[in-house]
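Remarks on the structure that follows.
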Amino acid sequence: MNTETIQNKLAGIFPELQFSEEASQFLNIIVSKDDYIKLAETLKNEGFDYLFSMTGMDWGKELGVTLHLERTEDRFMIVVKVMLEDRENPELPTLENIWKTAHLHEREIYDLFGINFKGHSVMKRLLLSEDWEGYPMRKDWMDPSKMIIR
Amino acid sequence: MILTHINYFADLINYFSNTLGWGFGGKILGYVIIALIYMTFFSVAGLLLVYLERRVAAFFQLRLGPNRVGPWGLLQTIADALKLLTKELFGTDRKDNLLYHSAYYIVIIASLMALSAIPFSKGLVAFDVNIGVFFISAISSVGVLSILLGGWGSNNKYSMIGGMRSGLQMISYELSSGLAILTIVLMAGTLSMTGIVEQQRDMIFLLKGHIPALIAFIIFVIAGTAESNRTPFDLPEGEAELGAGYHTEYSGMGFAWFFLAEFINMFIISAVGVTLFFGGWLAPFGITDGLGPEWAWGLFWFFLKVFLMIFLLMWFRWTFPRLRIDQLLTLEWKYLLPIGLLNIIIMAVFVYFGLIL
Amino acid sequence: MEQVTLNTADLKSQEYFLNMGPQHPATHGVLRLILTLDGEVVKNIEPDLGYIHRSIEKQCEYEGYKQIIHLTDRMDYLSAHINNEAVALAIEQALEIEVPERVKVIRTIMGELTRIASHLLWWGVMGMDVGALTTFMYAFRDREMINDIMEETCGARLTMSYSTPGGVMFDLHPNFQKRVKEFIPHLRKVIPKYDELLTGNVIFQKRMKGVGYLSKEDAISLGASGPVARGSGVHSDIRKIKPYSALDKVDFKEIIYTEGDNLARYKVRMDEMLESLNIIEQLIDNIPDDGIQAKTKALIKLPKGEFLQRVETARGDLGVYIVSDGKKNPYRVKFRSPGFSNLNALIEMGKGHLIADLVAIMSTLDFVVPDIDR
Amino acid sequence: MSYIGDIIGGIKTLLNGMKVTGAYFFPNIINRKYVITRQYPDEPAIVFERFKGEVVMWHNENNEHRCTGCQACEIACPNGSIEIIWDRVLNPETGKKVKQIDQHIYHLGMCTMCNLCIQACPTNAIMWSTNFHNSTYDRSQLTKVLNRPGSKLMAGVEE
C-alpha cells in the first residue's frame, strides 16, 4: 500500500476529505465529524488494524483528535485528524468497537481535553479525580496555583 | 508391648504433690511450671526460627541477613519482638471484635497443645498419651480455625479470601498427612509418640519401611508444608496477591502471635516428621548410647534432626513459586490422596507378610 | 409428593468489588484496579490511573526541546535511556541533523543494556509475583552490573538523561568496553541457571502455560506492543520495522512466539535478553571515533510541522509525537506509551481468571506505572 | 503411565531448582562467597567519578570562583532550580561597571541532575560533586548558596 492508492480509494468514497502531506512524514487526512466513524470503519477494512495512538489536540480554535493508524501487514502509516469547532460541548462517536485500544485512549482524551465520546462504555475521568474542574491539556486552561510559567 | 515409661515431667508433678506432700496445690504448681517451660520454649524457639529463616533466606538470596543486633545478629528478632510489643494495636473499623481477638489466642493454644505431645527426648514429653499421633493431627487442624476467624473477623476482603483459602487448604491436606502418618502407624503398631520412637531403636522407620515409607515421607513433607502455610503453599498469605492474607489487619503483638505460631507450626511438622521417620531423639545407629545421660543426647539429636528438616522446608520456601488454588487442590485430590491410599495398602501388605526390614 | 427441582441458573453467588491497589504488592507502583469478583474469579477489571500522573505532556509545552529529555527519564524509568533516545531522535529528525556514527553506536549499546536491565528486573519481579522470592536478588545482582556501567559513563544509575539532541552528554568512560565485555559472558552463564530455577520449574510451568491467552487479532486491536504482542505472534519490533541509530548495521533476530499465553511472553523476554547481548557483542569492539556531538544551536527551534519517532523500549512501542509551530517550545508533545496500550490487554485478558492468575498476567505485561500515567 | 511420568518429571524440575539455590547457599555459609550486599556505613559505598550527586561551584585556595553571572545555567535549567542574584559593581581599575554575582542559589530539592546547566556554563564554574549524603530533616536546607561567602571572581575568566 502506498499514499496514492489509499488517497484515491478514500477520495472515491468520501468526496469531502482533505489530504495533505505537508510538514509530516505521513499522509494526513482531515475528516469532518460526520464522516469520522465511517472513515474509521473503511480504514479498518482497508487493513489499518493497529491504532498506534490517539492524540487529543487543541489547535487554539478547534479541539480535535489525531489518529495514527498503521497496517501491521506492511507497516504503512497514515494520520487521521478530526477537528471540532464546538469548544463548549465537543462530541465524537467512539472508536472502541473498531479498535479496542481506543477504550483507554478515549478516556484519557475525555479527561484531559473534555471531548465526549458518545457510545463509550465507561466515559469517566481516568487520570484526574472526579471533582476536577476543567480540562488541563487545553491551551486555555490556567491554574496559577498549580502552574509556574516562566 | 510394655514400655518402661520414664517421664520427667510426671516425676516433677509427683515430686511436688507426693514427695513434698503439697497435695493438689503441688500438682497445680507442677502444671504451672511445666506450662511456663513450654511457653518459654514457644517464644524462644519461635524467635530463633524467625532469625534462622531470615538468615537462611539471606544466604539463599546472596545477602547477609540480620547481623547488627547482638553477636551474628542473634538478638535481632528479640529487638523486633520488643518493637512489636510496644506497638499500638489497631485493626479495621468494623471488625468483629470477639472473633478478631480470639483468633490469635486459638492459634497459640493450638500450637502449644500440639507441642505438648511431642517427645523432645527420653522422658521429656508433657502429655504422653497412647494416641499421641492422633492427638497432634487433631489439634493441628484446630489451628485452621484461628486463620478462618482472623480472616473473617477482620472485615477485609483480602483477609477473607486468605482465610477461605486456608480453610480449603488445611482440610484437604489434613487427609494426606493423616494417611502418611497412618502408614507409619501400621508399621509401628502404636499411636503413642514415645512408642513410635522406641520402635525405631534398631532402625529408623524411613529405612525399615523402604519404598512405602519413602513415599509416605514425601507425601508427609508436601502435606506438612501445606499445613504450615509455607511457600509453595502460602496461598492464605500470598503476599503478591493478597497483601498479607489473613493477618493483613493485625498489628503489633496480634500479628506477632500469628507470625510466631506459623514458625512453631513448622517446628511441630518437622518434629512429627522426625519422630515418625527418623527415630525422634534416638541417636542414629546408636552412636552416642552410653556416652552420657540419654535425655541430654536425645535433646541434641532431636533438635539436630528437626533443624535439618526445617532447613529442608526453608530450602523449599526460597526456591519454589507458589501454586494456584485449583492446582493446590488438584495436587491433593488427584495426586497425593490416591497415592497415599495406595501406599497404605502396600504398607499393609508389607507388614502382613513381614516384608519390612 | 411435591417435586423439588433445583435450577442451577438460580444459584447465584454475590459479586463483590475489590480494590487492588493503589498500594498493592503486585501492581508494582500505584496502579489501581477495581476488580469485580465472583469468589476468586475476576469478572471485570476497571483500571483507575493517575496516582502518579505528572502531566509530562503539559510540562513539555512549557519547556525547550533540550529540556524535554530529562522528563522522559521519569516516564518509563526502567528504559530511561531509550526514552531519551526517542526524543533526541525526534528532534534530530525534525532538524535533519546527521549525528556522528559513534553516537549512534553508543546509543544502541546503551539502549540494549537498558533493555537487558529492564528485563532482568522484570524477571526478578515475575518470580516474586508467582511466589519465588529468591529470583529477585539474583536478577538484581546482574542488573547492578549494568547499573554500574551506566553510572560510570552517564553519572546516574537510572535516570541517565544521556542523549541530547545531536549527540550524547559524555563520551564513554575508558572502562566501558572492559566492563561490558565482563558482563556479557556473566549473563550468558547465569541465564541457563535461571531457566533451571524458574522457567523449567513444574509449578511455574503450570502457572504460566495457557494462562492469559491473547490472540493475534486481539493483540493488534488492543494496541499491544513489545513482548506482549510478540508473544502473540505479531511482528512488532520497531528495531526491525524501522531501524534507528545503529540497529540497521547489526544482525539480530526478532523473537516471536505464537502461543499468546503467559509463558510465551515470558520466553520472549528471556530470549530477548540473549538477543540484546548479541547486538552489543557486534558493536562493542568497533565503536567508531568521530565525535559525540553534532553541531546544534544552543537554542533549538524546530521547523513548523509534525514529527513522529517510534522506538522499541523494553515494554514496547514508544511513540514521540511532536507538533511544532516554529517556536522554541513545542506546541504539543504526545508520548504514546507502550504501557498505556498494554493495559488495555490486561482488561481483556484478566477476565475469567483467578486473582492469582491476574497477578501473573499483570507481571507478564510488565507495567511501569509512571509510563502508564505519564 | 504419563501420570507417574508427570510426577517424576515434576520432582526432577523441583530438584533442579533446589540445586541452583543450593549452589549459592552452601558457599555463602562457608565463606560468604556470593554475598553481593555491602555493609554500607562500615564499608564505603562505591561512587564513580562521574556520579551526579549535586551541583557545586569550584573555588581555588584564594576563595575565588569562575562564575561571571552570565545566567546561562539559570536559563538552561528545566526546573528552575538555579537562581542567580547579581549586581553591577564598579571595577576600580578600568572604571567600568562589571556584572558580579552576589549569590548563586541552587535548589537541590528541585534538581533532576540532567547536566544541562553544567553543559551550558561557558566558564566551567559549576561542576558535579559525588556527594550523595543529601538527606536533611528540613526541605529548606536543600536550598544552597554555591559561592562561598566573600568569594571573588577569579581574574582572567571574563576573557
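Chains: A, B, C and D, in written order; residue numbering restarts at 1 for each.
Convention: a residue touches a chain if its C-beta (ideal position, glycine included) is under 8 Å from a C-beta of that chain, and two chains touch if they have at least 3 such contacts.
Everything quoted here is computed from the prediction, not taken from an experiment.
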Practice item. Identify the chains in contact with subunit C as well as subunit D, in label order. Key: B
Practice item. Compare the CA centroid of subunit B with every other chain's and tell me the farthest one. Key: A
Practice item. Report which interface contains more C-beta contacts, comparing B-C against B-D. Key: B-C
Practice item. Let me have the rounded angstrom distance from the C-alpha centre of subunit B over to the C-alpha centre of subunit C, please. Key: 45
Revision key, fill the gap. For the pair subunit A and subunit B, the C-alpha centroid-to-centroid distance in angstrom is 63
**Study point:** For subunit B paired with subunit D, centre-to-centre distance based on mean C-alpha positions, whole Å
**Key:** 52
Revision key, fill the gap. Between the Cα centroids of subunit A and subunit C the separation in whole angstrom comes to 25
Point to revise | Multi-chain contact residues (two or more partners), subunit A | key: 150
Study note, to complete from the structure: Shared-interface residues of subunit D (touching two or more other chains) are 14, 17, 20-21, 24, 36
Check your understanding: Residues of subunit B touching 2+ other chains?
Key -> 60, 62-63, 318-320
Exercise for review: Sort out which chains touch which and give me every pair.
Suggested key: A-C, B-C, B-D, C-D
**Study point:** Touch list for subunit C against partner subunit B, complex
**Key:** 16, 18, 24-26, 40, 127-134, 136-138, 141, 197-198, 201, 203-204, 206-207, 354-357, 359
Study note, to complete from the structure: Note: in the complex, subunit B contacts subunit C through residues 57, 60-63, 157-158, 161, 231-232, 234-235, 238-243, 317-327
Exercise for review: Quick one: which bits of subunit B touch subunit D in the complex? Just the residue numbers, please.
Suggested key: 56, 59-60, 62-64, 67, 315-316, 318-320, 335
**Study point:** subunit B-touching residues of subunit D, taken from the complex the two chains share
**Key:** 7, 14, 17-18, 20-22, 24-25, 28-29, 32, 34-37, 39
**Study point:** Residue numbers on subunit A that touch subunit C, as the complex places them
**Key:** 22-26, 28, 49-53, 55, 57-58, 66, 68, 72, 75, 79, 99-101, 103-105, 108, 122, 126-129, 136-137, 147, 149-150
